């Protein structure tokens, strides 16, 4: 049983944070479920998008941050385009992702985490993505050596790879980009409303 | 000058954020104020009594009442001071509620502002002169615009009370949308069975003049005496001659869309909307007729036994004088095809609107009452209903509830089961809105007795697959995505104001909301009035509503008109412009700007021409006052002196 | 001749090399100047925006914008994903001074971010008049039904990319219609293909892409047309996986827009890299050739 | 820099904007408290001289609001107003009045929320304008009124 008087109060600050950063109001959601109806990934989620919205409404924000949904959402924005309340559902989920990241809450979907890690490592190392080496490293990391291996001969046969990874010349600048962001692992700077040009 | 100031507390509505005692204290120090007090509920009987007592005991000559908006209670207090023996216009209302206590939570700020506003009111009332209006005769005749069930009901009620009524209908027949319905919730009686007798009554009533195929062209005048030009559009059929035999329709070679059947099926270029139409007269649509498009045909003229066809017929203007107008223009269905790409935007023939489905259910419809889906004429087994299309949907800019969709969808699900016993209906809904008497019971019966499956969720997409329509939705209660292989999808399309409602509103000078539904005088207390005296509202033109509510409002509007026209004459507003003849230089700039033609030229005995205001025409806008170079024409109650005094006082 | 900066992105230099080939070929055919960006880097595509609160997803494309700022007034990014990321960076840099500062700390100079960013469809529509296309295509694609598949990132979010109708995009149609091809109504043209989940969460991609293909076939479509290498990968490269997972037997060719146009201009599938696709387009090609031979 | 205790006079037509302000009140939408509203039948009754008078008397800002074009209760009153106020707005700099201190707009009876936004933003604008030190030189105005 959920003790609502507790969850609502305790969840409020984080929900407010998610609302502020995403610019959306979760209370506007009328639970029509249209977001879920349009979502291509919902079958892989633990909570479909409309449930996630409701969980925020009742303060179950920790559960949202730790959810598979917050990790697997593709940010395809189909839901946002169709929401009858014009809520940017994808934006809410994106923000939840970011908040979860900062709180170090994002390791339940291990494969996804490894995929991201390998992808970004690859980009950091070369400045560009070298898909084959990334696939191999990813498979090694996930210990699923055969994952998509069937595609490799296909890719090779179709002359779609460079044997030597392409590289950016100004790699120092690339490193600085990663360092700037990693260095102070703080959240993305917020847009200062009104402070455009 | 003996001014009394009354500061209303409105319970805590004002007192919570305005220190009324401090306002009273400040008022006592204002010039001319000899009495000030604070009252808990001034509009209540004891509250009004207190004002009257003070007037009489202290011999007040002017009153300032600080409380709610004058738009709320100005009339109440004008009457009160009149009962106290004062001229009603020697009252000034100061708005310290809507414009102060309710919007400023800080009591100091609120109190300071309230004092400023009272000072402004006192200064203004000091410069106020007693005003009285003149009287104008009332034309004892009413105009009803729109011949749906609302217009029919209002026309009959007024005609029964002995008032001559003119009913103007845009289409070729009266009956409106109700004439299209099959059966009606919550009792399932047949729509035409209850409506057509009333339509015939209209036709036969001695006090009703019915003009179809007509619209209001121009409106002049004001409450008590409107002059209206009505344009009757040419239909190429002489109404008096046509017997309604329908031979022309049968023989006409030109096909045309069937508007009565909501675009399902076909009609002819010359046709009668449906067999029970009133009046039962054919009409020709030139845009579909060969005679007009290709320049030759003439079949109908040849076959008509009554010699009723006249291709040369022209639009005709019928003018009339009326004391009051009832607007009953109803609604059109929201056009979903422009805004729901995910539902195919009208590309899939088996995704239809609720009104089209009414026609499929109706025995007088294009399929003779057999439910057949449009694509292949097959009888559907799996029928999906989707609520709230073009309603409660900000993404298409329409947040409001259609207020009838839930109910008619329940009805249509019941009728589906009656028509096709082995069918299964699914209703995707967000909430079931069934608030009327017997309504919830009705929609429950759709579930318990007729097996309709209610699925709480909104559909994301509809697309064709192998002769079926795949409806992708969510069952939010199960928390799962769901999919239905449907044979027919019916969209509970919302209601929009009738096409052209905004234009009509501008002609009548009444207001309308962002969706072109007309605005009532007050949402609770003046539900059938408009802001323009003498113009009343009935039915769905004021906002989506069902038949019982429509009929109730129509009778209420009729009662208002009957009350108004029972008076021989009306008192006009005394807030009109007046000219100081001695100072008028005769430039007539005032006449140039007056929107109502209320300024005329007056020849003084010495031969000098000056301006003169016709009180009964002047509406009190004050345009002339600003236009006049020597400020000679002045709007009573809003004189330059008064306005300057207000400005000076609030800036002190 | 207008010249554009060209941002190929990682995909067009590896797995989608045939998009690059065909893009350059079409540009050459119509005299569109293409000037590859000097020392560009990965736009961060899918995972970066979802990392560290999204800042990396701005900084990576920001570097490319910055580089582009030094050359031509417009930069074209044929990959829908890259286009989206560049637009995003532009949008965010424009309204967020703090992000601008962060970027400048990494770049060591004031960032240039106002270069116009356009996608492949936009470029072609701008540079090729439908009449010219029709004249050159001589109806080669007549009788072929093409499914315009836009996916999500090309048109969403609308306030950022500001391109076409996000729910019912149509911009690919004029040129394709001018080739003689038919563009039937395709209900899944903006449904997501499953995006970058191919490796980490394959089931999402297979299901999503299966529905796209199914609906395309239902709509009588002979080949899908896309401008997104990721969509292409999911729909073409993984079509075999889809067939295995769902027991289907789909053989639906998926072409890059520039390949479809190349075919219409009479180029061989080999020149256009169509032979590099997983799904064999042989049948489609012979139909196109058959028509030519017959007439 | 901005000045806090400004004084603003609002001229509102009875039918649309005054009713809109009522609606904002009924909806309890909080608003800055510096505005004092003068009710008129129509913005067409707003004499530009009255506005100058307000500035001369020390108003920091003047706001005029009426029915949307086309919706005037008197059909065309707001068109007359628009013409006159346009001319006035263009004259203000010559009179030494920062045009930011004057604003005219349209708010309908149903736009309570919008009314509150108008008050909020105009109050801010006026605070900014008079806070910036450009306090009016009313001499020119004195000559006119």
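Some observations on this one:
Letters A, B, C and D mark the chains as written, and numbering starts fresh at 1 in each.
We adopt the following convention: a contact is a pair of C-beta atoms (placed from the backbone, for glycine too) under 8 Å apart; a residue touches a chain by one contact, two chains touch by 3 or more.
Since the structure is predicted, the reported quantities are computational estimates derived from the model, not experimental observations.
Counting C-beta pairs in contact, the pair that comes out ahead of the other among B-C and A-C is A-C. If you average the Cα atoms of chain C and of chain D, the two centres end up 52 Å apart. If you average the Cα atoms of chain A and of chain D, the two centres end up 48 Å apart. Taking the mean of the C-alpha atoms as each chain's centre, chain A and chain C sit 23 Å apart.
Residue positions of chain A touching 2 or more other chains: 43, 81-82. Chain contacts: chain C has residues 167, 191 touching two or more partner chains.
Within chain D, not a single residue touches two or more of the remaining chains. Each chain pair that touches appears in this list: A-B, A-C, B-C, B-D.
Residues 342, 388, 392-395, 430, 456-461, 472-476, 479-481 of chain B are the ones touching chain A in the complex. Considering their complex, residues 69-72, 95, 97-100, 102-106, 109-110, 112-113, 116-117, 120, 506, 509, 511, 513-514, 519, 531, 575, 593, 595-596, 619-623, 625-627, 635, 638, 640, 643-644, 646-648, 650-651 of chain B touch chain D.
Across the interface of their complex, chain C is touched by residues 40-41, 43-44, 72, 74-78, 80-82, 88, 94, 97-98, 101-102, 109, 111-112, 114-116, 119-120, 123, 127-132, 135, 138, 147-148, 150-151, 154-155, 158-162, 166, 168-170, 173-174, 176-182, 185-192, 195-197 of chain A. In the complex of the two chains, the chain C residues touching chain A come out as 10, 13-18, 39-42, 44-56, 58-60, 63, 92, 94-99, 101-102, 105-108, 152-153, 156-157, 166-167, 190-192, 194-204, 207-208, 211, 237-238, 240-241, 275-278. Every residue of chain A that touches chain B in the complex is listed here, in rising order: 30-34, 36-39, 42-43, 47-48, 50-51, 81-86.
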